[in-house]
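When the chains are written out, they are named A, B, C and D in that same order, and each has its own residue count from 1.
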Amino acid sequence: MIRFVSLRLLRALVTVLAVMTFSFVVLRMSGDPAEVLLGPDVPQNVIDAFRRQWGLDAPLWRQYLSYLGAIFQGDFGLSMRDRAPALDLVLERVPATLMLTVPALILKLGIGIPAGIFAALHRDSAIDRGVIFLAILGFTIPSFVMGLVLVLIFAVTLGVLPSGGFGTWQNAILPGITISIGGIGIIARFSRSAMIEVLGQPYIRTASAKGVKWHDVVRGHALPNAAIPIVTIAGFMVGSLIAGAVVVETIFSWPGIGRLLIVSVSNRDLAVVQCILLLIAAVMVTANLIVDLLYGWLDPRLRTGTAH
Amino acid sequence: MTATNPPDLLARDDRRRPRAAIPTAVALGLGWLALMVLCAILADLLRPYDITQMDLSARLMPPLTPGHWLGTDELGRDVLSRLIQSVRVSLVIAFGATAISAAFGTTLGFLAARFRGLVEQFVVMLADFQAALPFLIMSLAVLAFFGSSMLLLVCLMGFYGWERYARIARGLAIAAGAQGYAAAVEQLGATPRRLYLGHILPNVASTLIVSMTLTFPEIILMESGLSFLGLGVQPPETSLGNMVGFGRDYLTTAPWIMLAPSVVIMITTLSISLVGDWLRDRLDPTVR
Amino acid sequence: MANLVEIRDLRVAFDGVAVLHGIGLEVAPGEALGLVGESGCGKSVTWLAALGLLPSKASIDGSVRLQGQELCNAPRSRLERVRGGRIAMIFQDPASALNPVIRVGRQLCEALRLHRGLTGAAGRAEALRLMDMVGIPDARGRFGLYPHEFSGGQCQRLMIAMALAGEPELLIADEPTTALDATIQAQILDLLARLRAETGMAVVFISHDLGAVAQVCDRVCVMYAGRIVEQGSVAQLFGHPRHPYTRGLFDAIPRLYGPRGALVPISGTVPDPRHPPPGCAFAPRCAHAHGFCATQVPRLLPQRDGRHLACAFPLPERDPQRDYEDALT
Amino acid sequence: MSALIEAEDLVRVYATRQGLFGRAVPVRAVDGVSLRVARGETLGIVGESGSGKSTLGRMLLGVDPAQGGVVRFDGAPLPDKGTPAWRALRARLQMVYQDPLAALDRRLPIARQIREPLDIHARGDDAARRARVAELMQSVGLRADQAGRYPHELSGGQRQRVVIARALACAPELLVCDEPVSALDVSIQAQVVNLLRGLRGENGLAMVFISHDLKVVRNLCDRVAVMYLGRIVEEGPVERLFAAPRHPYTRALISSVPDPGQPLKGRIILQGEPPNPAKRPPGCAFYPRCPQASGICRAELPQMRATGQGCRAACHHLDGADPVPQAA
């Protein structure tokens, strides 16, 4: 068990390190932030001074090493724009993003899983087809279209909800719905197929054959098995939530990490962009790690040794 | 051995079963996709106007205006013409990227299955890394810092979803080798080339095609998302996402600029998903 | 003695394809009935249909009575009381028939709670007794293990223990030994025979293995393509099969003793249920088939010696005079 | 009679993980097996699941590498898997599988598949290959009009005929059949057994027939080897071995075969189950279940000894304390 956990932990760390390296190399190779930040008409000596100041004149490998060294000391660098520590800038935005993504995750799981399971239990009925269709519709609508259409209906035409901004709970409704819809569809579809697969297993027939009521067969025998694959997809959801936040926060002018990323990217604010990428990668890797551990907890076949 | 599993009774020659009627939704989806492909191929002939041709006297004309059936935008450019061109651009990017991703992933998957050991470990690790990568955000950064070009966009999108093909190709090739036809063909003395290209690839093709129907709409969504954020296809070229992005400013006054491409994106991805679901049920019930 | 179960004209179809064409059979209390036939002949489907365990796309017709109580297409609640309580069933692949994420002890206790109302310590004690009874070594220590921690043979023992939990009057064993090794197979057959003697329950033993059936059963039904073609006591059928198909099955098995000559196979293959032959389903493979067989389906009719037979041109009845002469030589 | 294939002290160890968290445990699937098959001879290998009989079959073909010991085919050690020499040798060594549907490529018509070995080993020109395919199909009992069929359009028995025809295409000298009839229904099984019977000794074809079905093995084979947990425990001419088994395991195995007409009473029913190959007991692997086991069985691994009339067995209690009267 300890061996397993430490192996997974090691793999998670390697992945984060890889993302860090990858983003560092790609971003440094892509061009000179000095020119973007300072504008085109700045004399060469100012540019040189700027580069010296930010350490951009050193060879790439040295920049990388000092970057790594700094990170291990908790220093994520300074924003090139306002010279504030990048980590502070990012952390400042985290609550806003959490306010959007946490309810969205709850919504996704809370609606998606029951809908999928319900559809599986009524396989091939009109309800089932309806759920499948809605689910497919849900994840094929791009979130920016969804967002704009919602704005068009509720903010522009009906005028009942604000079209953007941050502060009151009303502000959160439209972005919350927008960010959830796709995930609900994916989870519903996945839960449905996981449940259908489980319902076809011999042990479900065994449970029925020993006289367990159908209701209890579903609850006591089918769900614990279907939960195993559903947990996986729920873990992946966490990652896509953050990606979704970028678009949604842009549409609704929501002051979260996604919005900060877009702004920093267009400003070539290296430290902030790297810090955000690192944070997101860490969240995704952690989510995957939790899924792996949950998996072992849910599936006794993985937990204990197989005798045969 | 027994009839405990009723479908087994009838499973013997499923493939020869008289073609089941295509469900209406799937038929409509196929029709729409055919229309889109035609649009993309014949874009130059179909476009009533050039996409950059401005007509400042006819700005923000609503749909159903004679000569501009889907209206015009803020510069008086014909929305229908731009839409047709956008379909072409978006489809070309999605096709190109899907092809790259499928070829890359399948090759890696086969390599992993063929050599096992370290090669396999490496491919699996790479796939894990890819799955843990915030791909949209990464590509956002890359495009922002490198500047967007069609070629870069296609290549970048081509890195999306390859791990899915790699996993499938590896899994199926190993399964085929474990006790199936691949082991049998190898035991006949076939070279790896004959084995992989002549036997395994044709056998896994249907599964790969089904997973393409999963990746394809995702790539369309991602490309349009990036273009919407202004980081994908750059003006004067146009794509579906980029049209929505620019149309957004006229959401209240001229919603058709944004709605027309939105509807096209939705119906296209919906059609592919419906067709993909149907294909999966028919060809390969094993993938999710 | 009144029959425990009576099945009359049971018909099952999947998506409009008929797989059972009117099965009629009875099981007397305490009797051991064998159901023999090749894959797809409908021997398992018969009992899955009787207990309402087929998927909903199956359409079921006919009557299944358990001491007068109709089970066929009965409401779910009635079936749920019968299943496991009065009629228990065990299946072919024991390893996948147990729920992989629930401890075996809990799976056993669930059956005890449902049919005997035993909970808590009483349930646990009874579960341990059952595990002992079916021969699980160290039942106490293995009560809390998961199914994957048991071997295939032990899983089948656990399945049997679970089936016994409701003290059923009838146990349906659907190919219980097919997936097991020869020496384990012998253990399970032995266990089934012993339990039947101890509890007095009736057993329906479904198998493609004529040898296994002969060892545990009193009476045998031979099925082919969704119909019973011959039915009689083990001695009758195994001593002197009269349906050409039954005879063919015996001739096709290599022997463990005696000469090692070429086998006598049945030519051809089982008909596709979607395109059944118009007459007797066995006619295309039958050496005795005449014109009549190709057009008319023979009915299952009682014979003078008590067996039932569905064949227009059966093998001749045993001639007592010839038996006598054989005995002399 | 010279040996066509000869195995000496074969060992195959693989690592199995006990659950996701466990560490790898070495399992000796095949543990010191020696055997020889002469040209034209049919050797049966019987045993229960986990006895290593299928692994042994693949090792004889050089598909699974041996960690110890050597396989000699026609006097020369088998080349390494995947080398051109190994591939070329496939024309002489062929295999028939348990599940013919899995062993055939679902996307190719059967005639193409029967022809494939001829293409691979470049036998004859196009016309010769066509003729050979027609000849093979006829010899295994497939109709010419079935040439264009796909595997899933055939019945199980017909598929197995296709697999056999493909294996015979280059006229191999050795055919390893791994449970070729156990997935088939009784009536079809007999058809395939008869087909294999017809091949025995034809042009000196030798066969290794791996099966858990003792009745089929007895019907088909000249000699039989009984395996238990990776080792051969008894070996000999088939009639002799079935009539007077010497090893207690062989005796129990033969006794456990349900035969119509043979009552359940009086059969030897072994207690317990075969031990997990990963936890092989020291000494004789069979002692925990053996009715005759004594102290020596626990401590010492019995060696194969001749028991007369071409039979050999590995048991400490072959002489003296043997309760079953011997025919010899």
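Simple rule for what comes next: a contact is a pair of C-beta atoms (placed from the backbone, for glycine too) under 8 Å apart; a residue touches a chain by one contact, two chains touch by 3 or more.
Here the structure is a predicted model, which is why all the values come from computation and not from measurement.
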item: Comparison of B-D and A-B by number of C-beta pairs in contact, larger one; value: A-B
item: Of all other chains, the one whose Cα centre sits farthest from chain D; value: A
item: Chain B and chain D: spacing of chain centres that average the CA atoms, whole Å; value: 48
item: Euclidean distance of C-alpha centroids - chain B vs chain C, Å; value: 51
item: Whole-Å separation of chain centres (CA-atom averages), chain A against chain B; value: 22
item: Two or more partner chains touched - positions in chain C; value: 39, 91, 151, 208
item: Residues within chain D bordering two or more other chains; value: 155, 185
item: In chain A, residues with contacts to at least two other chains; value: 301, 304-308
item: Residue ranges of chain B touching chain A (in the complex, touch as defined); value: 25, 128-129, 131-138, 140-142, 144-147, 217, 221, 224-225, 228-229, 231, 241, 244-245, 248, 251-252, 255, 258-259, 262, 265-266, 269-270, 273-274, 277, 288
item: Chain C-touching residues of chain D, taken from the complex the two chains share; value: 48-49, 155, 157-158, 185-191, 193-194, 197, 212, 214-216, 218-220, 238-239, 242, 252-264, 267, 269-274
item: In the complex, chain C residues that touch chain A; value: 51, 53, 76-77, 80-85, 88-89, 91, 93, 96-102, 110-111, 114-115, 145-146, 148-152, 159, 162-163, 165-166
item: Of all residues in chain C, those that touch chain D in their complex; value: 38-39, 137, 151, 153-154, 181-187, 189-190, 193, 208-212, 214-216, 238, 248-257, 260, 262-267, 269-270
item: Chain B-facing residues of chain A, complex; value: 11, 15, 18-19, 22-23, 26-27, 30-31, 132-133, 136-137, 139-145, 148-149, 151-152, 156, 190, 193-194, 236, 239, 242-243, 246-247, 250-251, 261-262, 265-266, 268, 273, 276-277, 280-281, 284-285, 288
